[in-house]
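Chain lettering (A, B, C, D and E) follows the sequence in which the chains are written, and residue indices restart at 1 in each chain.
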C-alpha cells in the first residue's frame, strides 16, 4: 500500500512543514534557532483545546484564536528574550530560547497538568475512498489548511514589500535600516507569522493525533528544525519540501519494516542529503568570493 | 582522599560535585569544538553515550580495570568523532550542527536496538567506581591540557579557523586536519566524561543521551562564555548547581531556572566570562616574561 | 642586494582562464614575475585582479591554463599547501582574526613554518618551548617592521582601518613567503599613511621578497612598481614599465581616464 | 541650517570616539569631513543616521530634533547614507539591491526610470544585473552602494568614503556624479580619505582629529592651509 | 577501603535521626517537570493523601509522617542527586519512587548502599528488586497478571482456542507473549493461530486472513494500542467476531480512535482502575477523597500505588515499632495479603509483589469500563 503510506507521510509532512515554515522564517532573518518554537506550537494546540472545550467554538474559530494568541506570544517572547541579544554571538539567543522553552513547558505543566489531554471532537471524522487510498476528513483538512497557509505565506514573502525587507534585514540590520526598513517591525512581523503557523500546526496535529501535551513541542520543534535545515536555511519553499521529505521518509521507513530505526532513517537521509547538498535542498550554494 | 572529602562534605554534596565534575569534562570537550574552533555540534551527548556504553560494557562483560575501561570509552568516542568529522566537517555552521544532531539521534536509536547495550531496558549493575577524587583528578588534568592547548601553535590555529576559515587556510593552516583533531580531542573528553558518568550512576539508558542533553552541554559553554575555560567552568557550575540550589522554591524551580537562563543571557550576552581567558588574566605577567626572555636572548 | 639582478622567474601564469557561469572573469592571461621585483596589476573595477590572486592562492581553481611557482605547477593545490610553498597574501576586504590579539594574528602566519602538534602542546618539551619562543620573536619582528609592535596585545578588531591593513601584511610576512600578494593595501589610507606604507613595502622588497600588488592609487603604483600589467574584462591589455603603461592609449581609455603625473 | 550637530559625544564602551562635535550642513551645500583613520568620521555619520545612540548632544534636521529617532524614520525624512565598506546585500541580486534603495518610495514608475539611470551611470552594474551582489568585485560593490543610495532620492546624502577601491576613472566619475546630484538639489555630507578631491568639490569642510573638530571653514581655504596640506593632502 | 568509613558514619546518622526526630520522613523521588511528570505528579498526590490520612489518625509511633518532595525533572543524573539528597540531607527513612524503571534502577543502588528502603510505585521492568534487599515495588507485574487473566478467560468466559498476535519489534510484546503462552499451556488452552506483526504496521489483512479460518474464541494481542486498533478494524472488515485481549500496552484512548467500533468488547488488564461501583470500602474512600481534591477527576494507577506505597511503609514501621529502615525493612518484606487501595499485595521472597486483583477493563461505548476484577493468589 505504497500510495496509502505516501498519503500518510504527506499529511505528517504537511504538519512538519507548517512548523518548519515558522522556524525557517525566524531562522532566516535573525539566524536564531528558535528553540521555543516547538513550545509555541504546543501552546497553540492548548489554546485550540480551550476554544473547543470551554468556549464551544468550531474548528475555524478555534484555529484563528490559537493563531492570534500565539502571534502575541511569539512577538512578546522576541521582545523580551531575543531582541536584547540581537547583536551578540549567534548562540546567545539560542540559549535564551532554551530558557524560554523550559519556562513555557513547565508553566504549561503547572497549568494543565503533565498528562496528555484529548483533543475534544470538533469534526466527525469520516473516511473517504480515493481509488487505492483511504483519506480521512482530518487529513483532508490538514492538507487544505496547510496548503492555504503556505500559499499565503509564499505570496507575502514573494510579492509584498515586507518579504523583501525580511531578506534585507536577514543580511544586515544596519544597512537595512539605512534603506528605511523598520527592522524591529519586520522581525516582530516574522515572529507573528511564524508563531501563527506553528499554532495552526499545533491545532491540526492535536486533532490528527487526538492528543495534546505540554511535551509535544520538543520533538516537533526538533523535526521542524531539521526540516528547515534540510530544505535550506531561510528558504520558504525549502521548509515545505523539507517537512514533506521528513514526513514521507519517516512513514516509508516504518512501512519498509525499519520501524525501530524510524528516526535513524530520517536522520541518515538528512545527513546524506547534506553531504551532497551542503546548504540544503533549496539553499543557495555558498559563494566563496574573497 | 575520598574519606577526607566525606569528612567535610556529606554524600549529597559529594554526589552533586562529582556530577558537576563529570559534566565539566564533557563541557571542556565541547568548548574545544564549538567554543574554540567554532564548529557547531549538537550531538555531544552521543559521544558521551559512546564512552559510557563502551566503558560500561568493558567493565561488565570483560571486567576490565576501571581506568582502562574509561580510557577505552574515551578512545572509542574519539574514534567516532573522527569518523563523523571526516565527511561532515566540510559543512558549515548550522548545517554541521544538524548533521551532528542527526548523528546523535542515530547513535541513540542504535543503542536502543542493540542487545549488548540492553536496548530500551538499559544497562544496569555497572560498578560504582567513580569517586570525587578520580573526577577531580581528571578535571584538573583536562583543564591543564586545555590551557596548554589554548596557548599553543595548535590552539591558535583552531581559534583562527573560528575567526575566519578562508584567512586561516590562506595563512597555511590545514583546516581539515585541525578541525578533525579538535573533534577527536573534544569527543575523547566526552567519552571520558561518559565513562565516569556510567560508573557513577551505575545505570545507562539511551534515552538519557538524547539531543536535549547535547543542548544542555551547549548551554553550559555558551552561558559561561564560548571559548573561555574559566567561563566553561563557571557556566557548567552555575547550570548544574542551580537546579539543586533552587530546590527551596520547590514547584517553581524549573520556571525560575528557565527565566534565569534568559536573564543571565540578556545581562551578559557574551556569556558570564565571555572573552576571559586564563592566559589573559595573567597577561601582564606574561608580557613581562617574554620581554625579559627576549632581551636575555639578545644579550 | 644582488637578488635584483638575477632574472629568475618566480611566478608564471600560463594562459590562465576562469569562468563563473557565463562570465569569463579571467581570460587567457599570461604573466611572468621575476624574483625580487615589485609587480603591479591594475585595471578597472571587476577586471579580474582579485580573481587572479584567488587563483594563485588556490581559492579558485582555473578553468584552463597553468600556474607555476618556482617551476612547480600549483593550480589544484590547497591554499595551505601553496602558502607553505612560499606564497602569502592580504585580502581586499580585510580578513583578520578579529577576536585574537594582534600578536596572535601574526603568530598564525608562522603556522606553516612550525610543526608542534597538539601532543607537543601538552608535553611542552624544550624543543617546543624553543619553537614557541622563536615564533614570538619572529612575529614581533614582523610587527616591528609594520610599526605595530606597540599594539601587540590589542584585539585585532579594535584596530583602526589603516592599521588593520598593515597587520594583514605583517601576518603574511610571518609565513616567510618568497612571494607576497597585496590586494589594495593602501585603500582607506590617507596620503601620509600611504607614504609610510610605501617605504615599508620597499623594506620588504629589500629583504629579498617578490611583491605582487593590486592597487588603484596610481601615484602609489607608479612610484613603487618595477613593472605593471593591465587587465580589462579579464584580459591583459598592456604590460610594461610604469612609464610605458601610463602612456599606453588603451590603458588610458580603459582605466586611467587621463595621464597621471 | 538644514542639518545641525551640536556637542555630540559618542563612546564605544570605554573608547570615546566623539568628544563634542559641532557641525552644520546648509541646504544645497556639499560639506566635506576629513581626518585621519580613527578620527571619528564614520562614527559621526552613523550617529546622524541613528545607528548609534550618542551619550549626549543633539542632532536637528530642519530645526526638528532627530537624535532619538530610529534609523528608518530618519531615512523617511530624506536623510540617506552610503555606508562605509559598501555593505551591499550580498545574497540579493544587483537589481534587488537597487530596489531596496527605493524601499520608502511609492512611485513605482519613477523607480523603474531611476534604476535605468543608475545603469546608465554604471554600465558595469547593468551587465551584472542579476548577479548576486556578494560575488561582485570590490569596486562594483562600491558602485552598487552608490547607486542604491541614489535610488531613494534623498534630500540629504551622507557618503562615507565613496571613492574607496574605485579605479581612477571612476573616482573622477563619482565626484562628478556627486556634483551633479548636488546641483539637482541634494545636500551632501561627504567623508573622504581622498581629501584632495573632496576639498575640490566641497563648499565647506571640517577637519576631525581624535573625536574633535580641529579646523573648519570654506573648502578652498582649508585646501590652502599648510597644516591640512601636510597632514591630509600628502604634500 | 575509603568508602567503608563513610557508610558506617551514615548508619550512625540514620540511627540518630530515627531516634531523635519527631517526624518520620518519607522521600518522593519522581518528576514534577519534564517528560515523565505525568507519573511523578500522580504518585505524589497519592503519597500526600496517605500521609494526611495517617497523620489525621494520629500518626505512627507517635510521630507524624512528612513527605519530602523533590523534582528531578525527568533526568537520570538529577534523579541520583535527589536520591542522595533525600538520604543524606533530609534523612528520610524510605523513598517512594521513581515511577519509571530507568531512574529507579539508577537510584536503587544508592538507597541500597545507604540502607534506606526504596519502594517504587511504578517500575515494572526487570532487574529492579534484584538490586538489593532494601528495594521494593508495589506494581502489577505482567508475570502476575497474564496467568490470572488467562485463567479468567478459560474459566469465566469459556475460551478454549485462541489466536496470539505478537509485535516482533517490541520487547514488551515479545515478553508478554511468552508469559501468555505459559499460562495458556497451564490452562490447557489451544493456540490455533499465531501471527506476528511489527509496530508501525498499518495493514494487517494477511495476518487476519490467516487466523480467521481457525475460528478462535478470542484474540490475545500483546502489542500496543495503535496496532491493536487497526488490527481489530481489519478483523471486523473480514467478518471476524472474536474480541481482543491484551495488557496495559493497549490501555489508551488511541485504541478507540484507531479501532472505532471494531474494538468494542476488547479487554485490557491493568493494576488499578477507579471503579466506584465495584470498589471495596478502602478504595471507595480513596476515590472519593481524590475526586474531592482534584475537581472530580478520577485517580489513576500511579496515585493509587503511591498511596499504597506510603501506607505499606507506615504499616511496616508500625509493625517493627521502629522507623529505623534496617528494622522495618524486614517487616515490609513480610507483607502478606495486605489490603491497599489498589488491591491486595503480597511480597514474595524476592520482594516482587503479587498484586490482587487484576482489573480487567472492557471497551464499552467507546470508553474503558471495569468489566471485572480477577483475584490473584
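One rule holds in what follows: a residue touches a chain if its C-beta (ideal position, glycine included) is under 8 Å from a C-beta of that chain, and two chains touch if they have at least 3 such contacts.
Which protein is which chain? UniProt says A = Amino acid/amide ABC transporter membrane protein 1, HAAT family; B = Amino acid/amide ABC transporter membrane protein 2, HAAT family.
None of the values given here were measured: they were computed from a predicted structure.
> Where each step is a move between two chains that touch, what is the least number of such steps from chain C to chain E?
2
> Report the chain whose CA-based centre is farthest from the CA-based centre of chain D.
Centre of mass proxy via C-alpha means gives E as farthest from chain D.
> Report back the single chain whose CA centre is most distant from the CA centre of chain A.
It is C whose centre lies farthest from that of chain A.
> Does B-E or A-B have the larger number of C-beta pairs in contact?
A-B
> So the centre of each chain is just the mean of its C-alpha atoms; given that, what is the distance between chain A and chain C in Å?
Comparing mean C-alpha positions, chain C is 48 Å from chain A.
> Can you give the whole-Å distance between the Cα centres of chain D and chain E?
It comes to 75 Å between the two C-alpha centres.
> How many Å are there between the centre of chain C and the centre of chain D, using C-alpha atoms for each centre?
One centre to the other, that is 30 Å.
> Using the average of all C-alpha atoms in each chain as its centre, how far is it in Å between chain A and chain D?
Here chain A and chain D have centroids separated by 42 Å.
> Can you list every residue of chain B that touches 2 or more other chains, as numbers and ranges?
166, 251, 254
> Where in chain D do residues touch at least two different other chains?
135 - these are the residues of chain D that touch more than one other chain.
> Using the touch rule from the top of the page, what residues of chain C touch 2 or more other chains?
50, 59, 91-93, 95
> Could you list each pair of chains that touch, in label order?
Between chains, contact exists in these pairs: A-B, A-C, A-D, A-E, B-C, B-E, C-D.
> Provide the residue numbers of chain A that touch chain B in the complex, in ascending order.
33, 35, 80-81, 84-85, 87-89, 91-96, 98-104, 106-107, 110, 218, 222, 225-226, 229-230, 233, 260-264, 267-268, 270-271, 274-275, 278-280, 286, 288, 290
> Spell out the residues on chain A that touch chain D in their complex, using ranges where they run on.
For chain A paired with chain D, touching residues are 161, 164-165, 167-168, 170-172, 174-184, 284, 287, 289.
> Any idea which chain D residues touch chain A in the complex?
46, 49-51, 70-72, 75-76, 80-81, 83, 87-92, 96, 99-101, 103-104, 132, 134-135, 148, 152
> Within their complex, state which residues of chain A touch chain C.
288, 290
> So in the complex, the part of chain B that touches chain C is made up of which residues?
Its residues touching chain C are 145, 148-149, 151-157, 159-160, 162-164, 166-175, 181, 185, 275, 283, 287, 290, 293-294, 297.
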